[in-house]
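Got some structures for you, see below.
What follows is a pair of complexes built around chain A, which joins chain B in one and chain C in the other.
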Partner chain A sequence: MYRIRFHGRGGQGMKTASRILGSAFFLQGYEVQDAPRYGAERRGAPIFAYVRAARQPIQERGIILAPDLVIVADDSLLPMPAAGVLQGVTPRTTLLIHSSEAPETWRQRLNIAGSLLTLSAQAEPHFAGTALTGAAARLVGVIMRSALEQAVRQELAGLGEETLSANLAQALAAYDGMAAHAGQVSEGEASAAVACPRPDWVDLPLDEADAAAAAIHAGATSVEVRTGLWRTLRPVIDYARCKRCWWVCSEFCPDSAIKVSAENYPEIDYEHCKGCLICVAQCPSHAITPIPESSEVKP
Partner chain B sequence: MKDEAITVYKHMKDLPSSRLLGTGTPMCAGCGGLLAVHQAYDILGEKTVFVNAAGCMTLLAVYPYTPFRGSWLYTAMASAPAGAQGVRDALDIQLAKGRIQPEEDLQVVVLTGDGAAYGMGLSSTSSAIEHGLDFIYLCYDNEGYANTGQQSSPATPHGAKTATSTGAQGFGGHKKDLFAIWAAHRPAYVATVIATEPVDLARKIEKAKNLKGPRLIIALSPCPTGWDFDPQETVEIGRLAVKTGMWPLKEYENGRVTHTKVPPQRAPVEEYLERQGRFAHLFKPERNEAVLAEIQAGVDEYWAEVEKIND
Partner chain C sequence: MTRALITGNAAAAWGARLAGAEYVPAFPITPQTEIIETLAGWIDAGEMDCRLVTLESEHSMLTAAGAAASTGVRVFSATSSQGLLYGMEMIYAAPGNRAPFVLVNVSRGIQTPVTLEPDHNDVLATRDSGFLQLHCATCQEVLDSTLIAYRLAEDHRVRLPALVNLDGFYLSFTREPVDIPARTEVEKFLPPFNPETTRFHAGEPVSQGVVVLGGAYYSYFRYEQHLAAQRALEVYAEVAAEFEQEFGRRYDAVETYRSEDAEIVFFMIGSFSTKAKDAVDRLREAGQAVGLVRPRLLRPYPAEALRRALAGKQGVVVIDQNLSMGMGGVLHGELAGALYGQPGMPPVLASFIGGLGGRDIAAEEFYEMVEVTRKACQEGVTPPPRLLYTADELRQMRKLQAVAHAERREDAA
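Here is the complex of A and B:
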């Protein structure tokens, strides 16, 4: 059974990518499962989707814990433990990363013994999903070019001819580009139910209702959630140009992530800023500029 | 809590500079609804209890996290005003029995999206107004069932593409006039607001806060995900909604409707529509002149009516 996991950010098309790959397997006669993982399914938030494909009926359910292939659309997710990109990766797992950096760099950075490939970052990042799907189809080696094409057409039919053909070209180019690695990803062993850990009995102590209810006993506990991880571009304030206006940036920040200091200067809370960049668009003196999150200069 | 002095909001500098709403919510980046909620909460203050019907904002308080300083109650889609009735009654009983002091009283605020406000929850809102319930209703109107992928709602504008109106003409229906429906109940106060006009919003929330009885507010909430535009354009899109006259800012009080911000020279509706992916089919591959003219005519007709009444 093939077990493939897609990691990306909400809005990058991981759900669609997994559907295309699933359909391509299906067209080759495989039994298929594909599903996105529904969590805080929001633009920019880390999400994953997975595909299982086998010649026999698939009895496994739930998220994939032992992947044969892990696909990463956004390389800023790799160092983020919460995204769980490397979960269950073994030396027989292939990693496919959409990145402008060399495979060797990632191999050293992640200390990965197994196979690691990169698909060079496209000029237009919104094609990452379909390009990665095309590459994945070649890596498993059992999907014909025509099946991939049919799957892309099927899944993107509603997007209009222009978008469809642009995506198709990306998928097929990536498929062709992976010729040297065709069939490198092999099927993992079917796992039997007996191999799974038995469910544990969980004892819940019987508390009084006011203590046992799902009540929250403090205010604004949401600050514990680091939504700064969603950001791909970071707004940076040039204090030389900040006119200390009436906090336009802070007023228009949906996330309460811009505080106003005692000296009336705005301060961006990077632990929580989601990178919407409304502050960049609204600053009256154009004192806020976006820089790529991956750049080395941290404020 | 009625002993607090009324704050006058005239300029940006009158607005609070510190934020009550906590960071770290799971709302989308650039959320126009969250923007309105944080601005309203800054004015309402900590002594507020939110009664939230199912919708995007349901995700604000996912155990054990909440961005609020005080209590939050979650109800089914149609029943937030009924939940508010229960909370108000409980507070009134506690006050009557002397278990809480008048200064410990809370403002009961219903928070729902347009799916609940314009549709499923309209019946229970009607009853709450009829009973004279002392509460504030704050609707963040993102013109669709945004949390589940922007299916059309009774607040979806004519011609917009949604997950359930994907044809060449977009949504065939027309946005329901909830302001008029609410005002027809003759409650204490009804207003429309938008977070991109924060002074107007602050003034209206402050007014509502200091009145008694049913007070209802609709905040048009540009939605980058559902309306399909870049998150950094949320404020710009909201301003265009006002400038083109598509979102009239007004209030109802004592049987009278007043427009609080009349665009001096209305921009063509196209300037608002063409910035949003949900209207892209009206411009490409060729312009749908019929639908564009129909939308413009609807806006012109509305403002002609306003001028007639004001003359």
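Here is the complex of A and C:
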């Protein structure tokens, strides 16, 4: 069975990347299981995804502990222990990192004995996922170029012809670029029950109720989490139109992200505004308009 | 028929679509939302002739589902975790109307603390409600069980709502190859809903959910629900046989895997049971006589089939992905109740609690559970219940607590 793990951040297309690879395997006649794994969905948070592919129906589930191939879309995740990028990596695992630094640098940094490849960082980071998938498809060696192409078309069908062909070009270029390493990632064996280390189970002690209630014992931690990063649309106040009513916008904002200044003007705290646009809907003077977060006009 | 890679959520949506659901009251919740989004997309595109209404809560959603079912339309709905709990009053109220519909629950652990990942405490809270319960292990089973659930729920000998359960993440967000039958094939197995007398129409007023004082009257109505649920066992067998004939996939009320000649078997529900199958294969390779017994149907409880499957076994590894505080695993207690005092039943039922809040159950843990149970069989002593929790996990917990402790002191200072 092929066991492949993707690591990236929310917004880098890891789910789509894993699905393209899953579909490519499937088109090639493999049994497949693919899934993303994330916490509360938001951009920037570390997420991982996995793909299993085998000739037989797949009974394994969930986290891949012994990967054949680990794909890293964001090299800043490597030093983060919580991201668990190197979990279960052995000398037979191939590591594929999307990075502008040389493989040799990473090999030294990570003290990795096994195979380590890099895919030079894409000018447009949102292509990272598709490019890495193209490279992965070549690394396993059993996916035809045409199956990869069909998988990309299938998974990105909803995005319009322009986006699709741009992504397809990335995927195929990466596929072609990995020709020298074709087939280097091989299927891992199922580990035998006899050779298995035993789990070190412990009896959970009874703790004081105080310690055993899930709580965060520090003030104003919500201020430190910049939830504004989750925003896809940004409300912008047109102060020429704002009548400084009785600050309907501020009252309605569910995140208390609109403060009223000393001059009685509403001010949006973009560090924490999640872009729900309730203020846009509520403002009686229609003074607030939404603009895409990606647009040039920064607040 | 097409074979496609789809998620458990998409499989549930396909189940509703192929069943020809006519009304879907909805309220979104992670990890169920994709089901509602998928249905909404199809309805929007004119691919599904159905009315989807978003309600303001799961309580209203389930009220609407029950009421709509009483008018004789085919109703589908879906929820998860806190949503299921929020609608709980109506979960318990609906079966008494004897109007069938299908509810999918995407299992997710319940608070406190909050999680998004799965265990079975949410669905087991509905255990005594009168809903029939089907538990799935694969995405294929989600689609198929949804179709089976309609047949079962709508059968005139049963007429109770049915719940189809799938695990969040491990099925809901996981794509697997699924055979999606054509609507025409499904219609042979599941014709349009024949509501018979379940026809709550404007011109024929009926009051439902009425007061029945005097315990004896009340007992009658409640016990009738119990009898109907029990009758569903027999109906299930018929429906599953027809399903197999039509689609070639067999869904016994109790799935057995390599258990016939097994000395020790795993007993569990849900998607982790495929991991148990893998463990069974590995243990068999190592020469151990191990198998799996998995109830698909949890309500009605297939006690007789379980006794047949477990007769003559030395020990049972009962894995509960749930926890009844102050008691232990719910499946363990129920199984003990079904086996107690019957001849030839396994002497050792070892209780393990694992997979709470989506925690993985590793292969070596499956092996070790067998080892512990084997030892118990040899010594004739049932081991105390065991939480699957490693020293390393406790160390990580202690680290977080140390941070919290320091923060607290800082706060106080």
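The working rule: the second predicted complex is superposed on the first by the 190 of 299 C-alpha atoms of A that agree within 3 Å, B and C clash if a C-alpha of one lies under 4 Å from a C-alpha of the other, contacts with A are read in each partner's own complex, and residues count from 1 in each chain.
Everything below uses one rule, namely that contacts are C-beta pairs under 8 Å (C-beta built on N, C-alpha and C of every residue); 3 or more make two chains touch, one makes a residue touch a chain.
The model shown is predicted, which means the values in this text are computed figures rather than measured ones.
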| item | value |
| --- | --- |
| Chain B versus chain C as contact partner of A:230, first or second or both or neither | first |
| Chain B versus chain C as contact partner of A:101, first or second or both or neither | neither |
| First, second, both or neither for A:187, with chain B first and chain C second | neither |
| Touched partner set for A:214, first chain B, second chain C, both or neither | both |
| First (chain B), second (chain C), both or neither touched by A:254 | first |
| Partner chain(s) touched by A:293 [first = chain B, second = chain C, both, neither] | neither |
| Doubly contacted residues of chain A, that is, touched by chain B and again by chain C | 40, 214, 216, 219 |
| Parts of chain B lying in touch with chain A, wherever the complex brings them together | 11-13, 15, 17-19, 21-32, 34-35, 38-39, 46, 59-61, 63-70, 166, 195-196, 198, 224-225, 231-236 |
| Chain C residues touching chain A - in the complex, by the definition given at the top | 5, 7, 30, 112-113, 116, 169-170, 173-177, 271-272, 274-275, 277-279, 281-283, 285-286, 288, 360, 362-365, 367-368, 371, 386-392, 394, 401, 404-405, 407-408, 410-411 |
| Footprint of chain B on chain A - complex, ascending | 11, 40, 42-45, 158, 214, 216, 219-227, 230-231, 245-248, 250-257, 259-260, 264, 269, 271-272, 274-278, 280-282 |
| Sites on chain A touched by chain C in the complex | 19, 22-23, 26, 31-37, 39-41, 58-63, 65, 190-194, 196-204, 211, 213-219 |
